[in-house]
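Presented sequentially are two complexes of subunit A, the first with subunit B as partner and the second with subunit C.
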Partner chain A sequence: METTLAVGKSIPKKESWDKVTGAAKYNTDFNEPGLLHAWLVTSLYSHAIIKSIDKTKALEIPGVLSVVTGDSMPRLTGPVLEDRPPLAIGRVRYFGEPIAIVVADSLTRAKEAAGLVYVEYQPLPTVNSVKEALEEKSLLHEQLATYRHQKANEIFSLPGTNIANHIKIRKGNMTRGWAESEVVVDSVVKLPQSVHAAMEPRNARAEIKPDGKVIIHTSTQGPYDVKKDLSYYFNLEESKIVVLVPLVGGGFGGKTTSQLEILTLLASKAVHGRPVKLVESREQDFTSSPGHLGLEARVKLGATREGLLKAIEITCFVNTGAYTDSGTKMTRAMAADCTGPYNIEHVHGDAYCVYTNHTYVTAFRSFGRLSHTFAIERAMDKLAFALGIDPLELRLKNAIKPGHFTPTAVRLNSSNIGNLSACLERLKKLINWNEGIRIVTAHNKVRAKGISCLWKTSSSPPNATAGAIITFNRDGTLNLNVGAVEIGMGIKTALAQILSEKLQMDINKINVVMEVNTETSPKHWKTVASMTGFMVGNAVLDAAEDVIKQLCRTAAVVLRCPPEVLQVGGGRVFMKADPDIFVEFKNIVCGYEYPDGSSIGGEIIGRGNFIMHHLLPMDPETGRGRLGPAWAVGAQAVEVELDMLDYNYKILKAATVIDAGKVLNPKNARGVTMGGMCMGLGYGCREANLYDSGGVRINPQFRTYHLIRFGENPEYLVDFVETPQVDAPYGMRGIGEHGIIGMPAALANALSAAAQVNLDFTPLTPEAIWQAKKEVMS
Partner chain B sequence: MIPFNFEYYKPATAREAVDLFHTLQTRDKNPMYYGGGTEIISFSRLYQLYPKAVIDIKGIPECNVLEFQNDRLVIGAAKTLTQLQESNLFPLLSWCAGRVADHTIRNKITLGGNICSRLPYREAVLALLVADCEVVIQRKGETRTEPLESIFNQSLHLDTGDLLLQVTVNKSHTCLPFFSTKRTANGDVNYPQDRIGYPVLSTAFMKNSGRIHAAFSGLCPFPFRSHELEEVLSDQEMATELKLAKAVSYLPAPILTDIDGTAAYREFVLRNTLARAVEQLEGVNCIC
Partner chain C sequence: MLETQKYVETGLLELVVNGEKRSVMVRPADLLLDVLRDQLGLTGAKPGCKNGDCGACTILVDGWPIKSCLMLAVEAVGHEITTVEGLNGTPLQQAFVSEFAFQCGYCTSGFIINCQALANIHPQADEAIIREWLQSNLCRCTGYEEIGKAILSVISKN
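Right, the complex of A and B next:
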């Protein structure tokens, strides 16, 4: 589809001026008279019985109004499996778990009083790893069998164990698969939990108006889920709940689930509905709120001598921490994409969601694929080595294509899978692959490259929806109102571009409502899964069609012709055959007034919606089903320089080629991809939640938890292939998360090649490489 | 945010500061001298420090000197690490101080604060130890000057209420040849700084009249200079392999294991670094 005006142009984000001048407001920037402040009392143990909570001293502090504890809400919560009390009830299951909320008239007093809430614990054995969970060193959830959930086709828990979910993939015939495999490699990988580390820590404020209306101001990716959840947990009509979301300072999946919204509402209830604000400290954001999953996985991969993949057996153990939240869903998502973007006929996959006494997890950029891809891509490199085939050629040979079937038996076509081979070919040039994987340079240094492929579809519910409303101003400019949250990726601008293109009008004449207000913005499922451009974009196109129809109807009367001969563009409705015959938007959008003052038409209001179609839950025994509408595929590479004497290394280059369908905004696409790559490299080289033997987090702050810093970034090479997804706006594919997915794997492959030792874990610190080398040599 | 109230004083003279300290002490205020405030703020917000009064030393003239006076470089305790770096009057000190924390924080951290830090690293001390510097201390009723090494044993040993005013370095020592490294869990930190983190090993070596001076941070729970180790490193006759083996046996405490690195890895890095230092400093002379 040819696009001319806005789509495919690097239009600066509409909120940029506010952001770069510091004028942009985030949720915690808002204060109001009478606002109360809350501070959390959190668990000092990873697993313990709460024997008593003494609030006396805390309540003696002047200005302290309430100390709220678990008995104020004796029920369990969770987006899928309801296993988590918002405030601990009788027992804590992770270090940092919220036990009480202190509400006071100032933050200082709330914080001071929180230090005076005395909790008496009786420690229980800590389940400190997946291994200890499977050995059932201790059971975290004895009542697992009784936990409620509303998704019978998603949850297959094993009561009496620490396994909250078990997802199976059974495709083809394993006996045949192994019989056809002449070479088999076996690979085990281990990846730690980590944190989202969004710049804006999680926060919320709640208020209950005298008429019972609940107002929640929050930094979330899922305003409509917050509304739905609070309605369900507190037994309130949805019309009594308003959720307001300004610009969000990063989320990376960490703001997809309801947590602080529940806590602030509890706090507000305890003080007769007065507004209460709760802002987590960095330490609390890292330990009390959910983080990123850990994974231990085993991959057995079989191929012919020519390198054609024949069979795969994969077992994934997801460390979901103390509660499941999105853990069960990510386990399922991993299973659904379990082969990586390769055509494998015989597949046997098992994914388990495992409880441990670590911080619980929620969605994290890529929804599990980052970790799972590491397992697949390390196995692919080992297979290439065993076969003596170039790793890139092996991937090309097996790249998934139209006509193939996914692990969940979805038949692929060009629209829903794109072109992985083209990505690999482009990557090959970009990273200068042909110069060699490992090159010895001077002074004991080697330069080496590693690659990884990636794919991801969404895991949205089959009935996920999005809406869009277009209204006009008297001068013919227009307002676009959608439920998508602006979290830094430039979605509001992308949607304006889609609308600008469709109406063929200047993007500067389109005002996008930046905030989301669930009372007035049309619902959008949530701003996750790289699906917002696809879903809300389609709703915007639908709303634009509606607007065009209405504009042409009024213009037809004015121009005395049938609506069919009219066209919209440049803020006018004109005759296709003779553009000089036209009427301007400003003369018809609020009704057309004849010279004598009589009027027709009326205000034009566009409405559009979108609902997912043909998605099907997975079969419990075989995994057959369709989780998302399409995949985005890509290939990535990392080039490192390793010092063979002391294992210090530099990341020289990182490259990504993604099939973006259609690049809506080139600079923005590059930016969001680079951001993902940087995040993936950080996770690959240094990030990990560290626990002591008692399950206490020992690096819960930036002093000890390091991210990649600005000056450490490599040269980024980013390019796109464009194979349109035909049911998406202008053919675009969601690529917001994808930059992160293959980076840790590509880094591990590059460093494994450089050091000539298998590195099957993260973080890949110089010490860890030294250790791996030492083990091989001894 | 600091969740408790405290008193703030900013005296104009060193005497006044020390007298104030003692007065506040008798009133159970648990006073602390305040330089850049990075530790007082970041520890107090977590209740890891609990001063009821702080005495800001940035108004004291002696604490704000940074210049050569006769044959010595005089550095006030309130000078920030960034100021030391930018003046670059003592290059080795620039290297050691310039890899602490990050630039924004170094705009706040003072030399006095780094020397007296509660954190085990205190990397600016390394340059001062190898350069045989002296410290000027304000005590109740007197000002005293002492060699740093005589009162720095794991940490700076001051009597309660004593205030570190200045550090002075022999001018000729500021331009002796040096070699300095820093390794973090994530790799080497070069100078100018290109990476941030606590040291697995941070070092300062200086060569004075054929003898190698050496100080280390990150290896043990405190920074130190070891004369025995220097003896071994400076020995012209000994083979490098033997030097390394001997040197490792002269450490003042067992090597640290923490989240940044195990003892075994730190020893590996130490050996590599010592070998490089010996090689680098061989045959080099004064850089003035």
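Right, the complex of A and C next:
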């Protein structure tokens, strides 16, 4: 297909100038007279009975209107398993858990009063690790058996334990698999929880109009889920709820499920519907709102002496924290992709979603694959070492291909899997793999490389939908209105590019509606899972077809010919056979007016939609099923320089090759990929939620929780392979998350090679490397 | 002294922001960041941590980059304040657009202000200086390469 106008072009983001001038408005930027302010009272204990809450002193502060506590909403919530009270009821299960909301006429007074809410606790034993959870040191949810499941076929909890979900993958025949394996490696990895750390802290505001209409302004990736959730939890008609979302200051999955929206609505209810704004402090964003899962996993991998993978047994324990939120779904997602992008016939996988007294978790860029990939890729490197085969060659030999079956028994073709081997071949050159994995460069200095493959599909519900509406202005320019949220990945611009290409029309004449308003924007499942380009893009194409049909119908009358001989392009409808015979959009989009004033046609309004097809839930016994429409695969590498005396290291280079299907916007694709890589390296080298022995978070701010800063980033090498996904707009694949997935694994593989010790954990701090070295030497 | 007396009696201050004299009413404890945002509607500077760690609230005070969450509004009297709204169509802003040096844009005002100060104060800055300066700001979306290219493109023109 000719794609020359907009697709494949590095078109700057539509909202660029708003963002470089400070004019871009985020949810926290809105203020109005009469707006009330809320502040959270949060738990000081990781696990405790709340004996009493004394609000008296707080309510004495002038300007304080209400102190809202858990009794205002005596029910549990959760997107899959309903296990979480929005405000603690009688008990807290993690440090930072919201206990009360203070509403006041100023933030200063709300904060002052929050400090005067006296909570009396009776501490309970803290489940401070997956190990302690499995040993049942304490039970977090005695009532697990009675919790409501929002989704059938997804939850297989083990009441009486701390296991909220158990997902099984059973494929092939393990006895045969192990019999055919001549070399077997066993690998155990351990990865901590971390935080999303979007620069805009999570926030929301709510008000209730006199007629009962609820208005929620929020920084969310899932406005339609917020609407659905509030309707369900508060027993409101959906037409009584409007969710409005401006530009979002980073999401990374952390703004996907409802939390502060519920709290602000409770707060507004307590003050007779007056508007209430709640903005979390950085510390609250890190401790009260959900973070990224932790993982402990064991992988047993078997292969022939030639290096052909035969069998895998994998057990994953996901640290979901105190509540499940999306933890159960991520547990399922990592089980579904549990082999990594390798062809393995015999698979035995178990993934457990485990409660602990840590911060609860929600979706995080890659939806669990980041952690799971670490487990697989460390095992692959150990296998390569045991076999004496080059790690990259071992991956090439086993790379998943069309014709193979996934762990959930989906048969693959080139459209739904792409070309991993091509990614590996490209990576090999990019990182100069053949120069050697470990090179001693100077006295006590070693330069080493490590690699990782990756794959990911979505975990969309089989009925996930997207929509698009196109309206025209009288000058022939148009407006695109979709339910996708702009969280920074340039989705609105990408959709405009798709539309520009389809209508063969200057992208500057396409106005995208930047905000999402659930009252007027067509529904989109949610802006997650790297699925927005695919889903909303298809809806946009459908809407464009609709527009073309209508344009041609009116133009056919004007140009006195059948619509079939007409074509659209350059803001005109013209005859295919003679482009000089045309009518401009501006003359027909709001009806065509004849010289005598009589008119035909009417306003052209395009509508398009999309629904997922052929997705199937996973079978509870075998895992057979289909979670997403297609995978994006890729290969990544990291090159480090390690000082063998003090184990300080520098990440010199990081490389990524992803099969993007079709790169819609090269500079943007590179940028989003590098961003993912940087975030993945941060997780690999320094990021971790740290808890003390009582389960109290000890690093809940940027001062103590370090992100990679400017100049600490490596040199980035990024390239793309393009194997089209045939049912996606212009063949594109969603790759927004993928840059992060293999980075921690590649870093650990590089450092393991450099230090000549197995490093099966993150964060890979110099001290931790020294410890690992010391343990093997003693 | 007269100014102090006036403030004590009225709570009123005069700030010079983006070249304009602006009158604000503040508590002694009010952060400059909050006053700029809530009273003057200059929301380009963003709260990201209110702890001086992230740099999203960076503004210029007499040409030097300052984290406005670490400065009281009362301390700003007598100084020239410049926020991102005070920059209009500068080569640096153009470079940020052309280099795709932002994604979500939340940290962008702070980065641009810091970069602008750097370009003004060290027009010939080398990589070490750039690194030292820009380490005071955090970006969670990009991998920093694009921001580096944007500042370099402006500095190399000097």
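The definition used in the following text is that the second predicted complex is superposed on the first by the 778 of 778 C-alpha atoms of A that agree within 3 Å, B and C clash if a C-alpha of one lies under 4 Å from a C-alpha of the other, contacts with A are read in each partner's own complex, and residues count from 1 in each chain.
What we mean here is this: a contact is a pair of C-beta atoms (placed from the backbone, for glycine too) under 8 Å apart; a residue touches a chain by one contact, two chains touch by 3 or more.
Everything numeric in this text was worked out from a predicted model, so none of it was measured.
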item: When subunit B and subunit C are modelled together on subunit A, clash or fit; value: fit
item: Partner chain(s) touched by A:668 [first = subunit B, second = subunit C, both, neither]; value: second
item: Touched partner set for A:410, first subunit B, second subunit C, both or neither; value: neither
item: Touching partner for A:22 - first (subunit B), second (subunit C), both, neither; value: second
item: Partner chain(s) touched by A:709 [first = subunit B, second = subunit C, both, neither]; value: both
item: Subunit B or subunit C, by number of subunit A residues touched; value: C
item: Spatial angle subunit C-subunit A-subunit B, Cα centroids [nearest 10 degrees]; value: 40
item: Which of subunit B and subunit C A:677 touches, first, second, both or neither; value: second
item: First (subunit B), second (subunit C), both or neither touched by A:658; value: neither
item: Contacts of A:252 with subunit B and subunit C, given as first, second, both or neither; value: second
item: Which superposed partner A:197 touches (first subunit B, second subunit C, both, neither); value: second
item: Touching partner for A:111 - first (subunit B), second (subunit C), both, neither; value: first
item: Per-pair minimum CA distance [subunit C against subunit B, superposed on A] in Å; value: 5
item: Doubly contacted residues of subunit A, that is, touched by subunit B and again by subunit C; value: 108, 281, 703, 709, 711-712
item: Contacting residues of subunit A [partner subunit C, same complex]; value: 10, 12-13, 15-26, 28-29, 31, 108, 196-201, 247-252, 279, 281-282, 487-490, 667-668, 671-672, 674-675, 677-679, 701-703, 707-713, 716
item: Complex contacts: residues of subunit B adjacent to subunit A; value: 1, 3-4, 42, 45-47, 102, 183, 185-188, 194-197, 200, 259, 261-262, 265, 268-269, 272
item: Residues on subunit C engaged by subunit A in the complex (per definition of touch); value: 27, 29, 37-38, 41-51, 53-54, 56, 83-85, 87-88, 93, 96-98, 100, 102-109, 112, 127, 130-131, 134-135, 137-148
item: Of all residues in subunit A, those that touch subunit B in their complex; value: 107-108, 111-112, 115, 281, 283, 645-646, 648-650, 685-686, 690, 698-699, 703-704, 706, 709, 711-712, 765-767, 770-771
